[in-house]
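The following pair of complexes shares a single chain, chain A, combined with chain B in the former and chain C in the latter.
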Partner chain A sequence: MRQVAVASGGLTRFTKNDLSLETLMVSSVKQIFEKTENLEQKDIDVVLISTNANDKYLANIVSELCGISPKIAHSIESLCNSGTNCIVSAYSYILSGLAKTALVIGAEKTNSPGLVLEWDKSRGQYKHPIYWSSMFTSAHMRKFGTTSEDLAYVSAKNHRNALDNPYAYFDREYSLQEITESKNLTENVRLLDCSMSCDGSAAVLLTSSDIATKFTDRPVWITGIGQKSTSAGFTKNDDLTSMKSTAYSASDAYQMSGRKPTDVDVAELHDAFSICEIIELEDLGFVSKGQGSSYVHQLYDSHDRRINPRGGLIGAGHPLGATGIAQTVEICQQLQGNAKKRQVDGAKVGLVHNMSAAATSSTVMILES
Partner chain B sequence: MTKFEQELKNNNFLCSHCTTCDKLVWPPSDFCNNCFSDVVWKPVSRFARLIEFSRKDNEYFCIAEFEENIRVMGSIQNSSNLKINQPLFLVKCDYDGIERFVFEPVLTS
Partner chain C sequence: MRQVAVASGGLTRFTKNDLSLETLMVSSVKQIFEKTENLEQKDIDVVLISTNANDKYLANIVSELCGISPKIAHSIESLCNSGTNCIVSAYSYILSGLAKTALVIGAEKTNSPGLVLEWDKSRGQYKHPIYWSSMFTSAHMRKFGTTSEDLAYVSAKNHRNALDNPYAYFDREYSLQEITESKNLTENVRLLDCSMSCDGSAAVLLTSSDIATKFTDRPVWITGIGQKSTSAGFTKNDDLTSMKSTAYSASDAYQMSGRKPTDVDVAELHDAFSICEIIELEDLGFVSKGQGSSYVHQLYDSHDRRINPRGGLIGAGHPLGATGIAQTVEICQQLQGNAKKRQVDGAKVGLVHNMSAAATSSTVMILES
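Let's turn to the complex of A and B:
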């Protein structure tokens, strides 16, 4: 099904700075206008904003700052997967015929209110994400014998991949020893197993199939989408060695696209913590249950960039509302052959996985060149 | 402060209960999440089961399950040789802007 394309993308460096949310957003949009042929402000039908910030009327404000008068403009918030929720909504507007083009813009500041889900009473005093991560880690270690060194391989691989991403927060490699000796936040979660909250922005331009080639000669098609919310409260994850919402989403996305895990040449996974990438590799069907760690070892040892070529959230940083959009920009660059040193040779099929709040909700998208 | 929070502050762990469906509704809500009927408040058993645990510095924290339904995170005091599924007792609950649950292992002979 080739009806909605990603025609272009823009990013800002993920870092910590004093720029306003609006300035970050306009900066990534500016890139899109600078590099997209034939694109004018009057072409934009929809502006959707992805952020956890409490600012009001942002889609309209950013539209005005960009000189755009869209038909439809509003914000979408879903914690860490706000970005892909936004893309899916833009996709739906285009597929419905309400719009032909949509600009999806995500941004976050380091001190985002989306970092902690205060509503979740079941987390008690343990509301910070390191605690749910620690529970998943304990469970996976117990059931599959996963070790601290296995977790370190995820972090080492993703920090190393981020070295070739000019927009990444981290710009240095970490050895396995440095990671395993980094500060213990809990018994089994170390500082370098965590993604870094930071300031950053990302944007994509989506178009309908009939006008995609007006803006690019290499459109990237969204061929599969799966989304699932299993709950909002963390403790309703009944199997802590798995992320059910991810498995459901993957199944739907594969079915819609007619693809299977072995067809995926390159993937962006939501590695909020090292354990996440291991579990997600299993729940997305790249490996069977319990084999996630050994696959990460293999990727690391062979310098294979199939998984998280831009460095994932651990290497690139995690400005919540921008993350899912930045993941999508990366997969588009890979499928267009524009990923430079990060390029996975011959990539034709890509996958984006973005999740929220201890995987209580997930999005999976299949993209194809 | 909500009824749930006020009771928690008084060391009472209550949960919303739907009399139509005869089920505990967790997290606490004014309506049943199955039939949308009004709920009543019902004390939750102080006994729980250990689902998972980890440690921060010297303090153990865990997920505990009450009445095969309600799972919460809390701390464990007097912890040694913790085992998954072992019985726990809710020694104390509190609310000071944050819900707090404190467990102790139930000693079995």
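Let's turn to the complex of A and C:
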């Protein structure tokens, strides 16, 4: 199943700035062209744009700004997992034979219309993600005795990991006490347990196996893919201690790749809020249900970087359309041995988990060097 | 190359109404479920949404409204050819093995933000499509002696064809005189030479070859695909008598299918304006350059329906995100012998041409029964 490779990735700093969406996108693409030997604009068959912005025809605009005239070009939107939806689409264009290469570009501005969920007519007034996060937190606390301090461990670990990520939004550590004493947004969600909306872009270049080595001597293969949409409204979920779309996607991705959770050396998890990482560790099969918190304690205490080495969404920031792509860039750098201070030694198998809207949809990808 | 089939299609009337985008989408999907024997919600692996609307997470919302929990679900936007971008994406998901079936759903409302092209920063004040249409018209008139009456023949033919399309926006014929005397929007573009923005939806069900006959005894195969984006701004086009992205896409689609223009029995052309059909007839290779107008006269005089049998965008209306899908539904009905009064006798090979923004991007698909 070594048929489609990620050859290269590009990033901008995740921050708050006045740069336009197009400028951010061109910046991450520029990094790919600078880093990728032999890559010319005429090599690009597909340009897919991941964003929640309302701008139209962005794939053509950004292509023109980059001097690219692709065959296939369009924007893809699925809220917070737009990025991995784009990557999986690019994978299928290459595997179908319609393309040899695809450039996947994500970007978002802090004023993204994807942030307040006006779209979900089934959830009444619960339009802001903190509400679903709060309900997941309550449910997990009730069933498994999870505490505010457990949540703080996720945040402390991911802020600390982000210190070694030069593109991260945050650049300081937070103590457990600072986190548990940060502003209460709901009765159980604190400000420092939330990912931060910000401006940023990420891009990856995918290629078919027959030309991958033209562009890199260390291709990273996409060996497993799982995706699932369970609903639009999270209130259809009858057990808020679990993310069904994530469990389903993980099962498919493991099966396709022939890998199991214990084979995974390094993983990017979609920690939109601290509770998410705890639940996802369980639903991705890294630990059994109810063991997520104690596993995070263990990672924190031993300075183990295998989960969210770049700092996750909590430490690195969450520019919606760029997130799934930035996660993929990180796992590729890890599997290529390029992750510098963030490097997980000997990482060969990586996992990307990206989800939207209270995990009503999820993507899981297995990548291998 | 008979690997991906269109099994079924659904439409709403193209009109102006107060129905929501979601209601329009569910209506065209409902028609597919009513018409398609053995189809159950659990059969659907992919839901792709084609629209220029700003609503987010529509693929999940519409899936939930339809009782579908797909693996892959997102929205795709590329202005007026969003629909065929979706269909080609669905094709590649099926051919890559990630999916067996895909539901492609397009819809638009008259207030679509895709209508005024704020996006194109390279074209200055020429934000409305009538301006590029006018410049194409001037160029073609200058080079080939095309007249206002020639344009009127396109409009008269397509309005007449639309009379037999129960889903069309227009339901009356217009004389050549009425058309040439209709309101001048620019010095050479008249109101009745323009397609009409409207509300509407169209949907198609695609399946892999191994299960196509579960859903239809007359599968229509996608045998050729060509897509090209030349730029974002039409002002980069140095010859406005030609649509380069269309010629390029046609060449790829013919090559992939092993077909040539003379093999095509029936075609849907993207006649956003009358001049478009004339230029496209030339760039798709149906006639040589400069012969588009006389061919339209011939089609009109002989009541030949082979070009735009449902009335084209000019007769049927142009709800942007639905258009490419509605074109595909028409060609499928023609190839299945289901087109009733619009039927082109013995049609075996069909072509869909769908383009965006002054043909800065185009899609051409060859379909065969």
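We take it that the second predicted complex is superposed on the first by the 368 of 369 C-alpha atoms of A that agree within 3 Å, B and C clash if a C-alpha of one lies under 4 Å from a C-alpha of the other, contacts with A are read in each partner's own complex, and residues count from 1 in each chain.
Definition applied: a contact is a pair of C-beta atoms (placed from the backbone, for glycine too) under 8 Å apart; a residue touches a chain by one contact, two chains touch by 3 or more.
Everything quoted here is computed from the prediction, not taken from an experiment.
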{"item": "Broader residue contact with chain A after superposition on the shared chain, chain B or chain C", "value": "C"}
{"item": "First, second, both or neither for A:Gly233, with chain B first and chain C second", "value": "both"}
{"item": "Partner chain(s) touched by A:Ala59 [first = chain B, second = chain C, both, neither]", "value": "second"}
{"item": "Touched partner set for A:Thr137, first chain B, second chain C, both or neither", "value": "first"}
{"item": "First (chain B), second (chain C), both or neither touched by A:Leu185", "value": "first"}
{"item": "Shared chain A contacts, counted only where both chain B and chain C touch the same residue", "value": "120-122, 233, 236"}
{"item": "For the chain C and chain A complex, residues of the former touching the latter", "value": "47, 52, 54-61, 63-64, 69-79, 82, 85, 88-89, 91-93, 95-98, 113-114, 117-122, 225-233, 236, 252, 356-357, 360-361"}
{"item": "Chain B to chain A touching residues, read off their complex", "value": "4, 26-28, 51-56, 61, 63, 70-75, 84, 98-101"}
{"item": "Sites on chain A touched by chain B in the complex", "value": "120-127, 131, 134-135, 137-139, 142, 185-188, 233-236, 240"}
